[in-house]
Structures are given as structure tokens and as C-alpha cells.
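You will see chain A twice below: alongside chain B first, and alongside chain C after that.
Entry: the complex of A and B
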């Protein structure tokens, strides 16, 4: 009887059995890599906007407070996107002819809000509340990064559940005194360690850490 | 007693007259010589049609959600869980026959182990489908596995449902390996005897280069025994974990320490019933009476009787415990089971599982093929009813009367259930068509042993005669 397979099949079959393991592990690794990459999370990817608004200019150079535009951040779930009128408090006087600002003027003229493209968008099943985070001492930069250094807006963090939980599981690593929440370049005071300070503040603000990872804290 | 009935000699496990060649010829011919007949075709067609119905039912389920089933509060676990437990139970006989009886050196397992193992795999496949479909969003089934993800979430290890995932998947993996390792020498036989080049290549790849050298046999034996050792604890563990799905919940009728042993006995009971249900038509259709002999059927009937008695003991103890506990809710539960709206199901179950099987005390019944076939079918039905009673009657009237309700399966429940039976049938018919239903290797061993025994007997009679 003739041979069915060429002798090289011995090698091929061994390699393919051995390689299958790496293939499976490699596929899992690649999938995990893709889901954590900027391609999916959009971290550090600038979104196009109708007006190229620069947070860097308005915050660092002009010194506007976050709350000048994001008015409801302290007591609402939503930080608030400023109405065109807020822009016009200054831009009715300066840069009135700027072609870049034409969409803003058009918005006021036609009484139609500017359609900004949302940068930080959580899924609908996440009940995120800005107010509680601000009032319990989580600084803007902890989630949004150094907005005062962003000429155009991008996401600084992946906003994945893994990322949310990294703080909900150990908030002492990020918490700061309430009055310093809006400080862009905040660092623990000299001679104080963040963890020690964080634990102190957790106690002071009465934060139930064991409840922060309950499902219904974020999903209802 | 024995002297009164000299004609009742133990039937042999292999009819006399078989040689190595005849065994190999007969079993491999079932696959290679195209035994197309209308019986195979009719059986496969029924299975195939039911599979189409299953696919329709699943498609509609994915479109509409689990609302198309009869489940609702208070009965959140309906047919899906009943069918899951039923199929997993059926899947227990294969490993029991293969592993435990191998380790106990019961040679009568030889001719039934192959298709019992195949039956196990197909039953586990049918079983595994139901909890996934029951999840509501089956496309997220992989959340049950601990894998690295951007949600930083792992399965809830405190939930018995997660233990179940691991118990069943381990069982499926070990059963598959056990079955495949056992098949390798037979696949090599088929490779060598097949004439069609495509068949030779396919069987050749599956035979993994088996040449039958002494080293191959040595490794094969070691691997087979090791796998048997691994599979043995699984026979007990899988249905124990399945019973934890119920016992961990504080629901009267579920929260009971008797569940693990009683579930395992029930599983073996239903598994052996299914092996009988399949073996009887199979040996008839393919004229395998000389290989699957009355000896096999009788032994299986005895296992059936023994496990049936354990299951009966379970029902009795359940009733006793609910009275002895003096807990209002436990007492109400058993009362409701026996005399409530599902009383007919409960008494049907007792009739099927406890009463009918008593006929097997009689050796005449045990050696009658039609009786065994009918009893095996009744036990299959009874075991399904048992799971129905456990799941539904425990849930439908719990602690607060205001929250009571009734449960009935809808058309789609039945379509999925009968569809899963169709899937099981279709897979089984394909298996019969493409793989040897009886282990050729082990039958050859049996031939060798039978010949040795014959020679020994001859030598003895010649020595004592003059």
C-alpha cells in the first residue's frame, strides 16, 4: 500500500499542534490590545469641532475658571456645555470679524445652538454624576487631564470600566482637598504623601470605599 | 436456587465464533462499506427536520428575547434549566461506563463504551446550549470566562452558576479527549481499510500517525488510563455542581443537602436509560446482537434498578425531611408538590421513576428486549418530569402568597426542547455513519481473552475426562 502522506507531514503536524496554542493566545492578546488601543478608546485623538476652540488659550493664557463655562459641574450630573451667549460675553467685543468664529455668530443670529462633537461619551447604562465627584474631592484633571495644555480637545483617559474601577477601588490615590478641585497643576502639599492625605480625606469626606464597587453605584 | 435453573447461564459478552478479522471486518464495514439503508436515512431525516425547527426557535429567540418562553416572575427558570439538567444527566452514563467500569475491569463495557461516550458528548452539547440561550444576551456568553478585559471584571466566583460553567466545560473537554484517544487505533484501522482517497486522508489526519508499534500501544494505554482516572471524579463532581445551582439558593424544595448524591444517582439513572434506548434499536438495525449481547442489556437493567432505588430513596427523604424540619415553608412545599396544581406531574414522576422500574426485579423482564426498551423510555420521561417538578413547583409558590403564579411552557419552549432532541439524533446518526460505533481495538482484545478462556476450558475438560 502506498503512503498517504509525505514524510514532511510529521513535522507539519507537530508544528501545527504546537503552534495552535500560540495562535489562540496570540489572538486573545491582539484582541485585548485592540480594545485598549486609541483606535477603540480614542485617547489622545483630537475630534473635529465646528469651531477650533482652544482650552489651552482660554484656561492658561486668559485664566478662565472651569465653571465660567461648565456652570452645572458642581451640582448636576452633567457639567454643562456653554450656550452661545456665554461665548458672546467676550466675542461680541473681541475677534468680532474672525472667520473662525463665524459659526458662533451664526448660532446667535439663527438662534440655533452650536453642534459640538462630544469627546467624553459614556454609555447610556452608566449613571455618571459630575457633582458627587467634584464635591468629594476628585479634581477635573484626574479624569480630563491637563485641559490647560490642550490646544484642541481630546480624551486623556480611556473611560473604560477598568479605568473607572481603578479609582473606585483605590480612591485615595486620586482624591484631593475639595477647594483644590479646579486647580490644574495640583500636587500634594510638600511633606505630605498622596496616599496618607487620600486616606485622611476619605475619612473626612465620609466616603464609603467598600460601596464604590457595588454594581448599582454606576449601573441602575 | 441456581441448581433449579441450570439453563440460565450468564450470557457471554461476545458471541462465540468471532476472530480478530471478523470483528474488524464487521465493525469497519458499518462505516466503509456504505450501509445506506432507509432506516438510517429516515432516522437522520427526522433529526435534521427537528434541527431546523431548533434553528428557527433560536433565531426567533435571538430576535425577540426570552419573553417568547413561558418564564416570568415567580418562575424565572423554566424549560431551559429543566432541559439543561436533563441532558447533563443523560451525559453521565458515557463517562461512567468508560472510566469507572474500565478501572473496575468490567469487560462487558467494551462494546457499549464507544457510543455511550459519543452520546455523552452530544448530550453535553445539547445541555450546554440551554443556559447560554437562557442568558437573554447569549452573544455575551464569553463573560462567563475569566479573560483579560477592559471592564476589569471577572466572573462572580461566589455563584454556583459559574462553578457550573467550569464543571460542565471540564467535563466536555475530558469526555472529548477520552473519546478521541480511544478512537485513534480505530481511526488508523479505517485509514488502512478505506478505499476512497478523501476518506483515507481524513481518517489519516485524525489517526495522528498511528502505526501500532509497541511504543504507540504503551503510550496509548497510559494515556487512556490516565484520562480514565481524570474522568472518574468528574462523574460525581459535575452533577454535584449542577445540584449546587439549586441547593445554594434558599428556596424550599431546592435548599437541601440530599441534592448532590440524589442528583448524581438520577444522572446515572437517566444516562443508562438513554444508553438502553439507543443500544436496543442500534443492535437490531446493524445486526450487532453478537457484540451487544443480552449480557450487556441485563447488566444495564441492573444498574437502572439500583440507581432507580437510590432516586426513590431521595424522594422519600425529601418528604421526610420536610416534615422533620418542622418548617412551615418546607411542609407547604411538599404538600403543594403532592396535592397542588402540579400534582399530576409529581405523581407521573413517581410512577415513571419509582414504580415502573420495579419490574426489573424479575429476571424475565430483564432479559426481554421490548420490556427493557419501554422501561428505558419511561425512565427518560420520568427524569425529565423530575427536573420539571424541582424547578417549577419550588419556584411557583414561595414565601409570599401575593407573589404566587403558574408556569406553562409555550410553543417555543417545546420547539427548543424537541429541537434539541433532534440535534442529538442528527449528531448520533452522523456518528454512526462516519465512525465505528463499537471499539474495534477493544473487541479484538476481547476475542483474545475469549480464545484464551476457551483453550483453558478445553485443556481442563480433556484433563478431567478420562
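Entry: the complex of A and C
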């Protein structure tokens, strides 16, 4: 009986086996790429807002502290979005004619909240709390980036589980003294490197690193 | 108010006893209701499930005595896979998170104003001196809490956050916002304000003053008194002489110069 497969089939089958392998890996790679891309994670994507509020202006140029507006960030799960009245502490007197601020004035007149569009929004099944992070020395910039350089707010990190875990596994890479949490351009003091400082602070603040990666920390 | 469904945030309560009849989803599904029903559960059902504060898996993992165990396991696994299709349920759960819009109330606000005539827990505030800075109609002139170094430091921090944009860090009244056109506040170092009772400062923070808005919503009474204490310290500092400095620190001050 003659051979069914010509010897050249050996090569073809090898190529197709490898080809299939590459194809599968390639597809996985592409899918991974898509899910990590700004298209899905919305990182660095600016949202339309009713008022083009600029953190750059209010934080860098005017030197306002985050807590002037995000009042509850230190002791609550929610950082708080400022009510209209907070804007009016200043804009009742300055830039009172600015058309950009019309929605703010209208909101006060009609006693209707301004509808800010959320930039950061975790799924409801994730438990997150600002207070604990602020009190254990995680700076705003570790999660939100250089807010003081954002003319309009964007998301600086993907807020995926992978991202949360990358810090929960090794918080010493990010931790800083509590009183510097609100400093935008913080860097470890000269002559000290972050890891050494971080390890010290982990002890000092009594941070239970071993259970920070347990599922129930974030899903409860 | 913000902590609405606190039960969701804590560990789930112990499992309720298995229901006998069919109203409970778990066993029902395991016995072969069309899977699409899980995906399109009515809101009513979902709300109930959330209110019970139980993750869905609790229901699925419970074997139903009449059906063979392995079948339950398999079906449960399939259902778990299907659960992926109803992701929307979990991502946007029928509970209200802080500031979230709600279609339950006409004005769309989920955070509700206090009902007139009621007092929230911990807000009874009968101590007039502490909460209004007054005894009778008289402004008080002693701070009604113990002023320690911690309190002063807290006051300094809060002052720098909430007051310094206009009053600047020394209290002269030339803060950044004033430089951008806001009416200039009076300096704290004039005689009128040096002689003003502490109750006056407390009331200015609480109720605002002229062009200045109230800061009551952002600065709680404890912090208001801390700020008042710090303003007093600022006032002293601007009229201090070298004799007020502890002798041990005088030399340091001299070498540091005027900073």
C-alpha cells in the first residue's frame, strides 16, 4: 500500500502545530492588549463635565489643599465631591460673570445639584475605602497621579484588580509618612531610599501585609 | 446616611435555614428552571437578594436533598458560568452608594436632607457654649475644650486648609484668592479682633461673615475650636518678643534669623 501522507507532510504538520500555538497565544495576547488598553480601562481619557473644572488651576496656581473640596477623604470611604456651595465660597465674588461658571450659579439658584460625571468608578462588588489608605500613608498621587497637572480630570491608573494587588503585595514601594499624603511632588528624603523607608513605615503603622491580598479584603 | 446598606460591607450573616417551598431562588434554579431566568431576574427579586445581604453563591452551593449531589454540582457549575452573563447585576447593584443618583426620590438625590424637626444620632448639641460659642446671648471668651499641643497642631493644619487661601498663613488677610480679586478680609492682628471673644471667631466660622461663607459644613465643632485656638496663637505670635521664647530656644532663633 502506498503512503497516504507524503514526507513533506511532516514539515507541514509541524508548522501547523506551531502555527496553531502561535495563533492561540497571539489571540490571547491581543485580547489581553485590548483589555489593558485605554479603550477599555479609560486611562488618560478625559470626560465631558458640566463645568470644565481645572485641578491644575485650583491646586497648582491657587495652592488649594485637596481637603478644601474633598472634605471626607480622610475619614470616610468616599472622598466626597464638593457641593455647589463650596465653589461659591470663592465664585460668589470672583469670576462672577464667567460663562463657564453659569451651571454653578444655576445650581445655586435652582437648588439643583451639579451632575458631575464620574471618572473613577469601581464595580459595586469591590469594597474600597479612602480613609484607610490616607491614614496608612498612601498618597493621592500613588493612585490618581499628578492631579495638580490635570487641566481636566483623567484616570491615571487602570483600577483593575491586578493594579490594586500590585501594591497590596508590596506596599513598601509606595508608602510615605502620613503627613505627606497630600503633597503632590513628594519624593523620599535625600539619602533614604523608598524601600527602606517603606519597610520602616510598614512596621510603624502596623500594616498587616499578609492579609492585604486575601479576597475578602476587597470583596465583602 | 452614606452607609446605607451596611450589611453588604460586613461578612455575610449566618445562612438562613433552607426554605421548604419554592420562593427562594437557590434550590429552584438547581432543579432546572430555564437558565435565562437568572439573567433576567426581575428587579424585585434582585432587591430582595441584596437586602438579605447574601452573595448568590450561598444559594447555589447548598445541595438539595432530593437531587443527586453530583448533578447539583454540575448544574451549579454551569450556572456559575452563566453568572458571567449577568455581570451587570454585580457591577451595578441595586444599592445606593454615596452621592449616587437615585430615581426613587423626585429630586434624584440619594443623600437625603434631615427631616425637619428631627435630630440625628450624636447631633443633640445641648451644650450651647460648645456648639454655639455663647452663654445666653453673650459670646464666651474661654475655649470650652482643653487646648493641648495636639489641638493646636490640628488647628494649624485645618487653618491652613480652610482659611489660609484668603487669610494667608499669618492671618494678615493677603491670601492667594485675595490676590486674585476676592475682597480683602481684615487682618487678625488689629486690636478689634485681638480683643474679640473667642465665641466671635467660632461664630464667624459657623455662620460666615459678610462676603465670607459659612464653613460649618466642612469644619466640625471640634475643629472650629482648634482653629480658634490657633488664631489666638497667631495673634500672640505677631506681638511676641524674644522674652516669650523659652530660653533654650532663643539662641536657635537668633542664628536662624527672621524666617
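Basically, the second predicted complex is superposed on the first by the 202 of 220 C-alpha atoms of A that agree within 3 Å, B and C clash if a C-alpha of one lies under 4 Å from a C-alpha of the other, contacts with A are read in each partner's own complex, and residues count from 1 in each chain.
Following the convention adopted for this analysis, contacts are C-beta pairs under 8 Å (C-beta built on N, C-alpha and C of every residue); 3 or more make two chains touch, one makes a residue touch a chain.
Note that the structure is a prediction, hence the values are computed from the model and not measured.
Residue contacts after overlaying the shared chain place A:120 against neither chain B nor chain C. Looking at the shared chain after the overlay, A:146 reaches neither chain B nor chain C.
In the superposition on chain A, contact is made by A:35 with chain B only, not with chain C.
Annotation for chain A, partner touching more residues between chain B and chain C: C. Looking at the shared chain after the overlay, A:89 reaches chain C, while chain B stays out of its contact range.
Those residues of chain A lying in contact with chain B across their complex are 1, 4-5, 9-10, 13, 28, 32, 35-36, 158, 160-163, 165-166.
Those residues of chain B lying in contact with chain A across their complex are 147-153, 191-192, 200-201, 204-205, 208-209. Residues 2, 8-11, 90-93, 95, 97-99, 101, 107-109, 160-162, 165, 176-177, 180-183, 211-213, 215, 217-218 of chain C touch chain A in their complex. Residue ranges of chain A in contact with chain C, taken from their complex: 62-65, 67-68, 71, 76-78, 80-81, 83, 85-86, 88-90, 92-94, 112-113, 115, 123-125, 127, 216, 220.
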